[in-house]
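You will see subunit A twice below: alongside subunit B first, and alongside subunit C after that.
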Partner chain A sequence: MSGNSEVDNGNHASNNKGISLPMTRVKLIMKSSPDVSSINQEALLLTTKATELFVQYLAVSSFVNGSGKTKNTLSYSDLAHTAEQTETFQFLTDILPKKILVRDYLKSLEENPPEETDN
Partner chain B sequence: MAERPEDLNLPNAVITRIIKEALPDGVNVSKEARRAISQAASVFVLYATSCANNFAMKAKRKTLNATDVMSAMEEMEFERFLQPLRESLEAYKKGLKGKKEASEQKRKDAKEKKTDPQENDKSREDDEEEEERMDEDQDVENDVEEEEVEN
Partner chain C sequence: MASSSGNDDDLTIPRAAINKMIKETLPNVRVANDARELVVNCCTEFIHLISSEANEICNKSEKKTISPEHVINALESLGFASYITEVKDVLQECKTVALKRRKASSRLENLGIPEEELLRQQQELFAKARQQQAELAQQEWLQMQQAAQQAQLAAASASAGQQAGSSQDEDDEDDM
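Moving on, here comes the complex of A and B:
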């Protein structure tokens, strides 16, 4: 661990060229995890950078694989599709659920009744 | 601790800019999509933190360090991020040592644009020479950290 004591908070974020997200905010999110006690400056920098790469990767993957190319638009359904289809993005399926019409949902309930109703 | 729930969101303006820069010019991003990506990014931070924390706990350390985050990226199957992350860390360490990051960034930008392949090759050679010198003391440190994780 070298030089971490020199920089002990995220206020120097703007000094790190190539990082645009605020490190203080990323640190706050990291610290909201109950098991985490402390994070050194290098780990914070890497997590912030990784989050930026993640945003780029998610946006580009969704655009390329989705319907966006023809419409020239990145839409929610492109993202939901990526979350469902790409293994590395599977952890997002809870916050990126596929939207379906109530009509279709009711239909699918009729066709495949949930287990609980059988009892 | 976060005092308001919105403290756990990343700033929308910055997220939007990153998305726009990643996509081809003129592509629209729906408001709903922007909000979803922003939320996904927060979840990514938590997921990465939790993975990294597992590595730190395995090594009986309380402080998350760079090795933990790198291991987390591998575990999450984001190996494609490892190389750019290493470069960022190098640039950061250099910045701390000699405030050389400005010229480093310029060279990196030139490399990314790939305007002139020959010129890029030349600058890469320069980079490597410099990095070798800078790496000497860092290597020792990294070795120690890797051992910790393995145990």
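Moving on, here comes the complex of A and C:
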């Protein structure tokens, strides 16, 4: 079964069945990964849908486990917290610096002055 | 909207799409702006994660193109096996829709008339059209001729009147 002819390209699927994310953009992002050459159209569809599920899951579990639940809000730290706590979200820690208050940072600098290193 | 800076790392899912998803998933929840931005970036990370893993699996399989199977295996090995059923469902739906659409269009094309018959009918129609055109042209030609005759007659009688003094009895009858 040839994959390319069966699945709608680009935005077609986005308009149809339960896909909100633009597949063309997802494809661009995928291709910007090192070494990734060609992607079958169906594989692209699967990846797009998986990304959607990821967003939903991230949002919901951050909200449910977060401190904003009582106030009906979702904050940055809710997300960061969930990412830290969830095994499968470990890959996010690189882009998720936990935000700290400047004064806390300055305080920690006082207590532990960093060595002079070339970064 | 491609990034104009040309830097691949700036590629992200459009903010609007993410906002919409968040709204549908958490209706009535106020979401901080920086949290939204974070979700956008997490998306990109996730896509890279899946692509890299799927790509590795693909390379091992000695195929050149990342297939659905590779993606599914990637999801599994990265701990997202719970997504597999749902993503497969969406794929199936899309295929079904595409299949229905193709069937519908081919049904329309083939109303049970064999191609030769259709060709023959087409030729008939063309011939008929040509004939009508010819008849029309002929009529117009006839009309033009008659009009020309009239004009000549009128011109002739005018000049005949001028020559009334002469003894020309001959009426200039117009020949065709």
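In this text, the second predicted complex is superposed on the first by the 97 of 119 C-alpha atoms of A that agree within 3 Å, B and C clash if a C-alpha of one lies under 4 Å from a C-alpha of the other, contacts with A are read in each partner's own complex, and residues count from 1 in each chain.
In the analysis below, a contact is a pair of C-beta atoms (placed from the backbone, for glycine too) under 8 Å apart; a residue touches a chain by one contact, two chains touch by 3 or more.
What you see is a predicted model, and the numbers here were worked out from it, not measured in a lab.
Enquirer: Considering only the touch criterion stated at the top, classify A:20 as touching first (subunit B), second (subunit C), both, or neither.
Expert: Both: A:20 reaches subunit B and subunit C.
Enquirer: Regarding the shared-chain residue A:76, is it in contact with subunit B (first), subunit C (second), both, or neither?
Expert: Once the two structures are laid over each other on A, A:76 reaches both partners.
Enquirer: Check whether A:60 is in contact with subunit B, with subunit C, with both or with neither, and answer first, second, both or neither.
Expert: Touch partners of A:60: subunit B and subunit C.
Enquirer: Which partner does A:40 reach: the first (subunit B), the second (subunit C), both, or neither?
Expert: It touches subunit B and subunit C both.
Enquirer: Overlap of the subunit B and subunit C footprints on subunit A, residue-wise?
Expert: In the superposed arrangement, which is not itself an observed complex, subunit A uses residues 3, 6-7, 16-22, 25-26, 28-30, 32-33, 35-40, 42-43, 45-47, 49-56, 58-60, 63, 72-76, 78-80, 83, 87-88, 91-92, 95-96 for both subunit B and subunit C.
Enquirer: Touching subunit C in the complex: which residues of subunit A?
Expert: Result: residues 3, 5-8, 13, 16-22, 25-26, 28-30, 32-40, 42-43, 45-47, 49-56, 58-60, 63, 72-76, 78-80, 83, 87-88, 91-92, 94-96 of subunit A touch subunit C.
Enquirer: Mind pulling up the subunit A residues that touch subunit B in the complex?
Expert: Interface residues on subunit A, with respect to subunit B: 1-3, 6-7, 15-22, 25-26, 28-33, 35-40, 42-43, 45-47, 49-60, 62-63, 68, 72-76, 78-80, 83, 87-88, 91-92, 95-96.
Enquirer: Sort out for me which residues of subunit B touch subunit A in the complex.
Expert: Residue positions touching the partner: 1-2, 7-8, 10-11, 14-15, 17-19, 21-23, 26-30, 32-33, 36-37, 39-50, 52-53, 57, 62-66, 68-70, 73, 76-78, 80-81, 84-85, 88-89, 91-93, 95-97, 101-102, 105, 108, 138, 141.
Enquirer: Note which residues of subunit C are touching subunit A in the complex, please.
Expert: Against subunit A, the touching part of subunit C is residues 2, 8-9, 11-14, 17-18, 20-22, 24-26, 28-32, 34-35, 38-39, 41-52, 54-55, 59, 64-68, 70-72, 75, 78-80, 83, 86-88, 90-91, 93-95, 97-99.
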